[in-house]
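The following blocks contain the structures, represented as structure tokens.
Two complexes are shown next, each including chain A; its partner changes from chain B in the first to chain C in the second.
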Partner chain A sequence: MLQVLISGLAVGTIYGLVAMAFAVVFYVTKVINFATGQLLMASILIAAGLINGGTPDWLGIAVALASVTVLGVLTYLVAVRPVLRFDRFSFSWLVSTLGVALVIQAVFAIVYGPASVPFPRGWHGIPVRLGFATITVQEIAILATGVLAIAVWELVRRRTLLGKLGMAISTDPEMASAVGANTTAYAIGAFAVGGFLAGLAGILVGPITYGNPYLGDTYGIYGFIALMIGGIQRPTAAMGGGLVLGVLSLAANAYIGSQASDWFPFVLVLLVLLLTPNGVFASGDALRSTLRRRSAFAGAEA
Partner chain B sequence: MIAALPERRWIGTLILIALFLAGTWYTATGGFGLQSIVTVTAIFVVLAVSLDLVAGMVGLYSLGHAGLFAIGAYGTTLLARNADLDVFLLLPLVVVAAGLVGAVLGALSLRVSGLYFAITTFIFTIIVYVTLSNSSWTGGLQGLSGPLFPAFPDPIEDVLGRSVVWAVAAVVFIAIGISWSIRSSPFYPVLLAVRDAEPYARAHGVHTSLVKVGMFALSAGMAGMAGWAFSFLVYQSPGQFGWVQSVMILVMVIVGGINTRFGPILGAVLVGVFPFVVKIDPFVQDVVFGLVFVLVIVFFPRGLVGLGHLVMRRMRERRRAASGERPPELAEAEIEAVEVAALDTEPPMRADSDDIALAARGISFSYVPGVPVLRDVDMVVRRGTIHGLIGPNGSGKSTLVNLIAGELRPHRGSIELNGVRVERLGAPARPAHGLRRTFQSAVMVRELSLVENTTVGLYSTVRRIAARSVIWPLLPGARRDGRRMRAAAADALSSVGLESSWHTSAVRDVPHGVEQLTQLAAAIVSEPTVLVLDEPLAGLSGAEMTHVAQILRRLREEGVTVIVIEHQTRFIFDNCDEVTVLAAGELVTSGAAPGVRENARVREVYLG
Partner chain C sequence: MKRTIPGIVALGVAALALAGCSGSGGGGSGSGGDSNEPIVVGGIAGTTGAYGAVGIAVINGTQMAVDEINESGGIAGRQIEFVWDDDGADATKSSQLFQQFVSDGAVAILGSPDTGPTTAALGEQMGIPVLGAVDDGGLTVYPNGPDEPPYQWVFSTSLNTFAWGAKLAEWSIDNCPGGLAMLHDPTAYGLGGVAGFETVFAETGHDFAYIEPITENWGSGATVSLDAEIQKIVDSGADCVEVWLTPADEAAFMQELESLGIEGLTVLGTDVTNADSTFTDLAGPQGDGLVSAMMTADAFPSDHLLEWREKYSELFDGLQPGPFAEISYDAVYILKQVIEDADGATDPESIRQGLNALTDFPGLTGSLSFSEDVHTTINKEDLTMVRWNYAEKTWDPIE
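Let's turn to the complex of A and B:
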């Protein structure tokens, strides 16, 4: 029970980081970058390639994170910006970002081959016993990174001018650019942060999964599902969706059957999409405003 | 397009059909290699055409078509294997099944937005893929071989060749036939209005959500039909039905030209034939496909057919410039004066008219709880009058109009239209009770002509346009209705003073005043009893205002009740029989125009 919870939270944080990467980009640009999962994969394989080639661990990881950040920005410049310039309201970026995903995946498959590539074990070999459950130091690091990511995001968003302008652009890009906000710079920034978060998730999960060109597909889809569960409007909610997905799918594995995690996430997201289309954590707001309206009417009647 | 000569079009159609049959015969009697390329490409054509029905015509980017395709293919194979059903019986079965799945998906996901629709259908495809690859009854990742399509009896086979090629041809023929038929029917402008101008469509009685769900169900059924034919052709495995295939179908549509007759067909042929012609390593092929996705979207957002149109348009413009002809944008204000009573005659006060056309009583409404926008407002409009509704900015005029037209529902109060209580009906249900409206700034389908936009106004008065649109040209009654609708639309346009040279111009090419008049023509073409005009003068020139005033007077002579919301108080007091004044969400006064003009409170709050 406790083991399911702890392991679920750890894997959920990875899904949550990917979901956050999706959500940060969506928050500013209203675009879903479907190449996000492939950025996670790219960071694992770049780091693994460098480290296996003799580069020090820290340098390999730093280069990998920097590369996927740049790759995120490139995705924006090549596949998103021209599309939005042609028609700001079209959904054509669905196709172009999926195209980028396909290219990244195929290129890495050509360079590294389709088989798995070893990744340094990091702290994954060090277990810590917690009562009846075991957690590795790597998993503790994952959880800590997740908490840190949320804390930094919320601090920047609420407390700094940078974050407030970001909120303004998110709400009304035309108005924000009319008062002088550089929406393009923010969009580039969002894709950079998205790339960095996905890369971070890759580095954290690498010691557990090793490197493989098709990891991007798996984590991209799970991250996307986490995003849909949590709610696409807010990165914090997306992280919450990741945790819910992680815990529930491990619970399904433990209590339904060992193959349950193959189909369970999809059933879960379908239920969420049908019941609360804006996500589990966004529906709190909807509920609250409905309640407020009810009480206001009650007041008006009285 | 619509103006093309019918005889010439019939000849063209016959030639196309003859070519199609000849091509099918050539393939069916040809070699196996040719057959496999042509049949698989033909399946892509059906999928692309089916996707264009939703992506092109109603703007819904479905990423679920690979999943729906899988329902058709796996459904046919599994039922043929396990239930031993006849393949011809399976066709309607899988088409209906895929259509129903589409209807459910559409109904559930369209509650929120178009993006949400794309996401839900994307997840649907992934779920189908996961189910197919993890289930033992579908053969897992290995897949299944499909049923055999019954061959022709020997003597026929000697002449016609392989039967399955003819089956695929029939499927292609049905898909293209339905798609082209819808394009030639009066339902097509309605669909584009649902895509580009939803409020406009709703105001003319189109239940837009129903239309979207219906179109997606049709498109889904067509994808199921493609799956049925596909099951006879190749060994099926989940890899043929993943999200990449969904995106690929969308790319086919966009490469060829979204929302065009030949675009999806062209795109499907180009993308479908590619892997047969260029045989490369699958990884490199993925890179190429990915690059194609990006490059097409970035450089050819309108596709090859769109590119062709653009080139032709440029050439036409250059020729026109060379011959010194003025482009339509500059040929402004060639609007005919309308024959009506002279402006200086006193409005005939109809004291006898106690007949009430529209009565809103005790209306209260607020957008945000606790901040009422309208408080206990009454507005009673007598039949056959021009009734003005004025008030300062923020007084609630537009809100009241939206309540009358059904875009909003009042929290309290009743609205009676021609004696029927309508406050619980939505906007699309109100035209049936004789109400039509216009909008402050017209949003219509920019790529369609004035006539086509005006026919949208007749949608709710002509029987079963949507249902008949799939075989429109085959129904003599439907063709007659179509001609009648175009004639009525042209008459309505002429009656608001737009001479026939305007009628075939696209809305995007005409000046603002003409656009506003077209909106008015669409509102009166169905001969409503009550007409609500929301700031009809916004952005019009002085001459155009006089023109509108004349149109309103003529409408009153014809017995139409007109409600005008305007800021121009002079226009209101010069032309209206009665006036209602709102201020800060409350009724100030209502009554005959001269009396209202002298009212002290009106002078205070409004006239200053």
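Let's turn to the complex of A and C:
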């Protein structure tokens, strides 16, 4: 049980980081970047390619993160901004970001070939015993990164002018623009942060899953499911969705059957959408309202 | 009236187009055939995707044989026209390609290593010989199990899950006193491996200590989380585990054993573990000691095979061929012999009968035969047990 929890939290943090990447972009621009999974893939392959070619690990990772951050910005400039300029209520970004995803995948398949590429094991080869369970130093780093990501996001959002302006743009972009906020700069920033978070998830999961040009779809889908479970409105909620998905998926594998991971995430997201359409950790959902009404009623009776 | 005429014209154009596209249908050029017409052979393989290297090897091996045969005068005086396409490991696309090649006059279809169940079923349905790298033999060729007749129209020169399963089962009985656990892919590929094991276990009264299917993603190469399964394997008391999964998942499994601090568990591989360098590249030092089986022809290569491998590398920019290129090369030469033995007849029934009568064909992968009941050329007797030696980067025979 403890092993399932530990492993589930680690893999859930990866899903959570991808979900946060989706959520940060959506938070500012109300756009879902369907190339997020491919940004994760790109970061793994760029880092693996550089490191396997002799570049120091830290430099390879830094270049990979910088590259996918830029790639995230390019996604906005090429596939989203032109669409929204034409019609800001259009959903064509859905297709255009998918197109970017396919292009990124195809380019990396040509450059790196179709076969999987090894990623340095790093800290994943260092186990730490916790009672009857084992956690690797890599998994500890993953968990720590997840906590840090949430902390940094909340700190910036609540305590900095940058964050408060971001909230304003998220709530009402027209009004924020009218009072002088540079919404384009924030959109670019959101896509950059989204790219960075996806890249970070890639670097953290690389030692576990290797690099492959076709990897993006898998993590993109799981990240999107985590986003729907946690709540699309808040990146912090999205991370929560990832943790829930990770733990429950691994528990399903362990206690239902090893093929449960095929269907369990989709059953879970369906249940969540039925009970809490805004996400488990979002505000304003029907279930929470119902529970509050019941507890208020019970209090009144007492 | 104004709306009706354009509609009628459109229908007429569509009908003409369909008539033009339908081609000759069926298969083959009839008995004998025009000596100026090439013999069309179709090839289907997944040359993209996470395991595209296998498809590339199949196509390259086939092309190499086709070019050699054409340079030396062709088959019964007729050149081979090899038409192929990438099925992307997608059954729908494979089906479309199969029917397209048959309508183009293909006398046989070679492949597919990824969508073998599709090409095999279509070959059986349409009465077209399917040959070469047909998935990994096993249940793709013998859909009702190893003790039942194979598909009439499917002849595999490929690696064979039944053979590997049986060979590894025998080894595990002698070397795994604590029992054998197994994780397997739930597709025909994985179930074929299980069937191979069960064939031997049924005879000897053994059984698995633990067995579990794991859904994998052959398309993306994404590895699955195996921590829960590893714990169940340890709990079962087995001292060996057969990891009948993708090479990437096998590599991840061995690395995960180290990450979890688990020792003393012998890991067994599959027919594709040593078919290319995916497992060895990804597993690194953690892959040392994995036990698998290999074609004896590859474990102890002849001078002829070594020369062939050199020639292949020169032709294809330094690429190492591997077993999928070898078996595909053999398949083309087998087809050549069968057609020549039938005085140039290329109709499906002549080819099928010729394949059923093939005996001791001298191929790269050994002495190859088919019969009415045996439609796989690689069987348990053609394999040698090997172990991966990471330090030397070699697969060392252990028998």
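As a working rule, the second predicted complex is superposed on the first by the 282 of 302 C-alpha atoms of A that agree within 3 Å, B and C clash if a C-alpha of one lies under 4 Å from a C-alpha of the other, contacts with A are read in each partner's own complex, and residues count from 1 in each chain.
The rule is short, and it goes like this: a contact is a pair of C-beta atoms (placed from the backbone, for glycine too) under 8 Å apart; a residue touches a chain by one contact, two chains touch by 3 or more.
Values in this document were obtained by computation on a predicted structure and should not be read as measured data.
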If touched residues of chain A are counted for chain B and for chain C, the larger one: B
Partner chain(s) touched by A:Gly99 [first = chain B, second = chain C, both, neither]: first
Touched partner set for A:Pro277, first chain B, second chain C, both or neither: first
Which superposed partner A:Gln259 touches (first chain B, second chain C, both, neither): both
Chain B versus chain C as contact partner of A:Met228, first or second or both or neither: first
Partner chain(s) touched by A:Ala109 [first = chain B, second = chain C, both, neither]: both
Chain C-contacting residues of chain A that also contact chain B: 109, 259, 262
Chain B-touching residues of chain A, taken from the complex the two chains share: 32, 78-79, 82-83, 86-87, 90-96, 98-107, 109-110, 221, 225, 228, 259, 262-263, 266, 269-270, 273-274, 277-278, 292-293, 296-297, 299-300
Chain C-touching residues of chain A, taken from the complex the two chains share: 3-4, 7, 11, 109, 113-118, 121, 124-125, 127, 129, 134, 136, 208-210, 212, 214-215, 217-219, 250, 253-254, 257-259, 261-262
Complex contact set, residues of chain B against chain A: 61, 63, 108-109, 111-112, 114-116, 118-120, 123, 126-127, 130-131, 134, 243-244, 247, 250-251, 254, 283-284, 286-287, 289-294, 296-298, 301, 369-370, 411
Complex contacts: residues of chain C adjacent to chain A: 48-53, 183, 186, 212-215, 217, 219-225, 227-229, 231-232, 248, 251-252, 255, 258-261, 276, 278, 281-282, 284, 286
